[in-house]
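Note that chain A is present in both complexes that follow, paired respectively with chain B and with chain C.
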Partner chain A sequence: MDFGFSISRSSTVNLDSVALENFTKLQALEPDALKCISCGSCTATCPAGKFSGMSLRKVIHNLQRGREKEAVEMLQGCMLCGKCSMVCPRAINTRHLIMSIHKIYGEEAR
Partner chain B sequence: MRENVVIIGGGIAGLEAAGQLAGLGYNPILVEKEDHLGGHLADWHCLFPDLIPAKDVVSTLVAGAASANIFTNTEVLHINRLQDCYNVMLSNGVSVMTKAVLCATGFRLFDAHKKEEYGYGVYDQVITNSDLEKWFNGIPDPRIDNSMMSSAGFVHCVGSRDEKAGNPQCSKVCCITAVKQAIELKKKFPEMMVWCFYMDLRMFGKKYEDFYISAQRDYGVRFIRGRVSEVSENIDGRVVVKAEDTLAGRPVRITLDLLVLMSGMVCNPKTVRDSGTVQFPADSDGFLKCRNSVTDFNLSAQDGIFFAGSCTGPKTVPETIAEARSAVLSIHNWFKGKQ
Partner chain C sequence: MIYQGKQKIWSEYQKEIPDDHWFYVRSCIRQNFFPASEKMFLEICRNVLGKDFYETEHHTTCGGIAYHCDTIPQETVMTIVARQFALMTEAGYSNYVASCITSFGNYIEILETWKEFPELETRIRELLWKACRREFRKPDYVAHASDLIYKYRNEIAARAKYRLVNRHTGEPLRVVEHIGCHYSKMFPSKGVGGAEYPYVLCGMIESWGGNVIDYPERRHCCGYGFRQYHVKANRGYSISNTHKKFESMEPYQPDMIITNCPGCPYFLDRWQYAISEMEGKTYSKDGYGIPVFTYEEVASLVLGYDPWDIGLQLHQVAVEPLLDKIGIEYDPARKYEGIDRKSLSRPELPGILKCC
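Showing the complex of A and B:
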């Protein structure tokens, strides 16, 4: 029956049901990943971001909220230029982090 | 003859000032309304960022103030201005004539019951920063002892930066206190997931940022930027927390075994019990009003009345001790100017 409106799915992230096994693996390889304070410097400087929507800040955040598929898809826009590494105030080795994310999430998500 | 100086409050500011005044040849008279010295710090476990035991700090300050006249379980009833001095009437019947009074009445913690949506006093698993600190100090707490303790959350800014709670000011030390308590919890329960819900993280002090980075990197404490909107209890007696993850622009919900409310600092409502001719007016921030807040923060508008510590605004322990020392110097110079 058509009521003339519909209810969209809740956008709430339920942290109780977010599986963090992969992120725990990532943490072991890249303990600095947890140092991200979401300042956005990486995203602002990213030359691919403007065209592909790539945002390392969002990738790191999405991985911790169980949105792994989105994160890995977004990471396809990365050209590994390393500018984000240069601007990160928390001195995260972002290129290394990106490679490790591919290593852990790559095949599984695709 | 040694000049009297009445110090109201036997917390760390009062103790430090008493010790320093005695060293300079004054006769400090310390008045404490509780039965013990050390104020809030007497119940505290350890201090950021180096995790120094609070009891060591208190015992050092108490030892330093040993030569002062100390009245515990005593309140100041009222202070009256006489010709060239003050008459301070105490609840134990003692009346002191003094030229100088140092107000070191400190703060009290915001009453977390007032933020009803967080469920303090309603749900068993919601406690405050002060409750947790007492438990770290070895005092049993069934709310903590009986829970599974696989996950815990900290709610920052409870009763601070909150106009509707009557305290728009930042209490300043709760951010770093939450980081410290989160680290202490992780040390006790390494498998536990610890979440901090914050609006801003204000890591202004020496080594605070390092401490915060260590909480993230070494202890895996997770920080969610977003103020908790409401808390409820589920059938297992655990607490369900709702907030917005503002970095993602999405609501989040999570079930936790324990929720710690970081109660902010508000001014102690009563400096003296009854009103005499000497009043202690409050500034627009609710704390006691000093002559000016840049250079004359130790002085009140009244000649001979001085301030030290968090009665004039939220302060850390080292800031409070430094203010006590500076107040003593102000008092000393004030007496010299009178000669």
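Showing the complex of A and C:
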């Protein structure tokens, strides 16, 4: 029956059913991935974020939650300018991290 | 030492609720949705427990529904509330009990605002005097009606005719308790048990023989959310929230839901019909759905009142399977008759959700 509105699916992620093998690989290659505190400084300074919706904070969250496709799609907006590396309070080499994400997730998720 | 620390923290979320002499204010919407709940509250408190509860026909809305729909400013709501306090003062009472969760949250929010900004209270007193020549004293104590049933729960249990127990198996019923958001999420210290572990309904369920079910989305909103429902374009948000709650509680197979808010029982009840029509799904194995009750209805049931006299025929989800489970007697032929035996007429039955 059409009531004129519909049910949106829950965005809840069941971490028990998420395969995180790739994220484990990423951690091995980039231990800095675990240093992120989700402060959002990278997103706030990202020049690509203004027009493409690119957010490194969201990318890392998506990878931690097994949403690899969304993460890699979002990463297409990155221009590798490196501004995020300069502002990260945890001194994460974000530019290098992004390259590693492409290396691990690039083939499978695309 | 740690135990003492926890005990100290928990004690901050307990309320010293006065025992008697209350000024009672009704909800705008509960009498339409669950018409006997407020009547049964007064019946139980006055006639069963012998307490002094006063209400006046001059009471109006508290303005909370418009305030939370963003249609009137808080100063207007404050002046309306000031008038309610004036009615209480004129009647000679100092303990104020609200039937509605949003009213309760509204009164607490206003009193706390006046504490922080006394100049605002002075201004509201002036506005009230100009508008209707009334003056007021602030209540000594503001309670929600469920706080009082919680306080009297053991007295009710002592007089109970039925318990929340499955008579076929002897097992306690599996009960979901749902607390209205405005009860303690805004001012946790004002609710029994605070925002994270509100105990007000759990206490009733345990006293009356049931088992409380814990599930992941237990503290999630029912979906009403004022603007989520009242603005038609947002109505999908409302049912999505309700859907999320039901999906979360379904694996625990609850026998019933008890709520203490005007909107929650309505939406948890009615949206089960809408979800069944949209998704073809019901949340009980027998296809009847999970019956939803107000705490006054449950108190009335355990005290042995006739299910049709307390308005259970107005529920969307059929209550008969639960009544059979507890062993409560009822006459199926009387379901659609009012107290005066006048026909209420029979509703059209839903396509998916089973009804008795």
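Convention: the second predicted complex is superposed on the first by the 104 of 110 C-alpha atoms of A that agree within 3 Å, B and C clash if a C-alpha of one lies under 4 Å from a C-alpha of the other, contacts with A are read in each partner's own complex, and residues count from 1 in each chain.
Keep in mind that, in the parts below, a contact is a pair of C-beta atoms (placed from the backbone, for glycine too) under 8 Å apart; a residue touches a chain by one contact, two chains touch by 3 or more.
Note that the structure is a prediction, hence the values are computed from the model and not measured.
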item: Contacts of A:13 with chain B and chain C, given as first, second, both or neither; value: first
item: Partner chain(s) touched by A:1 [first = chain B, second = chain C, both, neither]; value: second
item: Between chain B and chain C, more extensive residue contact with chain A; value: B
item: Overlap of the chain B and chain C footprints on chain A, listed as residue numbers; value: 10, 12
item: In the complex, chain A residues that touch chain C; value: 1, 3-8, 10, 12
item: Residues of chain B defined as touching chain A within the complex; value: 195, 213, 216-218, 220, 222, 225, 245, 247-248, 250-255
item: Touching residues on chain C, where the partner in the complex is chain A; value: 232, 235-237, 239-240, 243-244, 247, 274-275, 277-279, 351
item: Chain A to chain B touching residues, read off their complex; value: 10-16, 27, 31-32, 34-35, 38, 57-58, 61-62, 64-65, 90
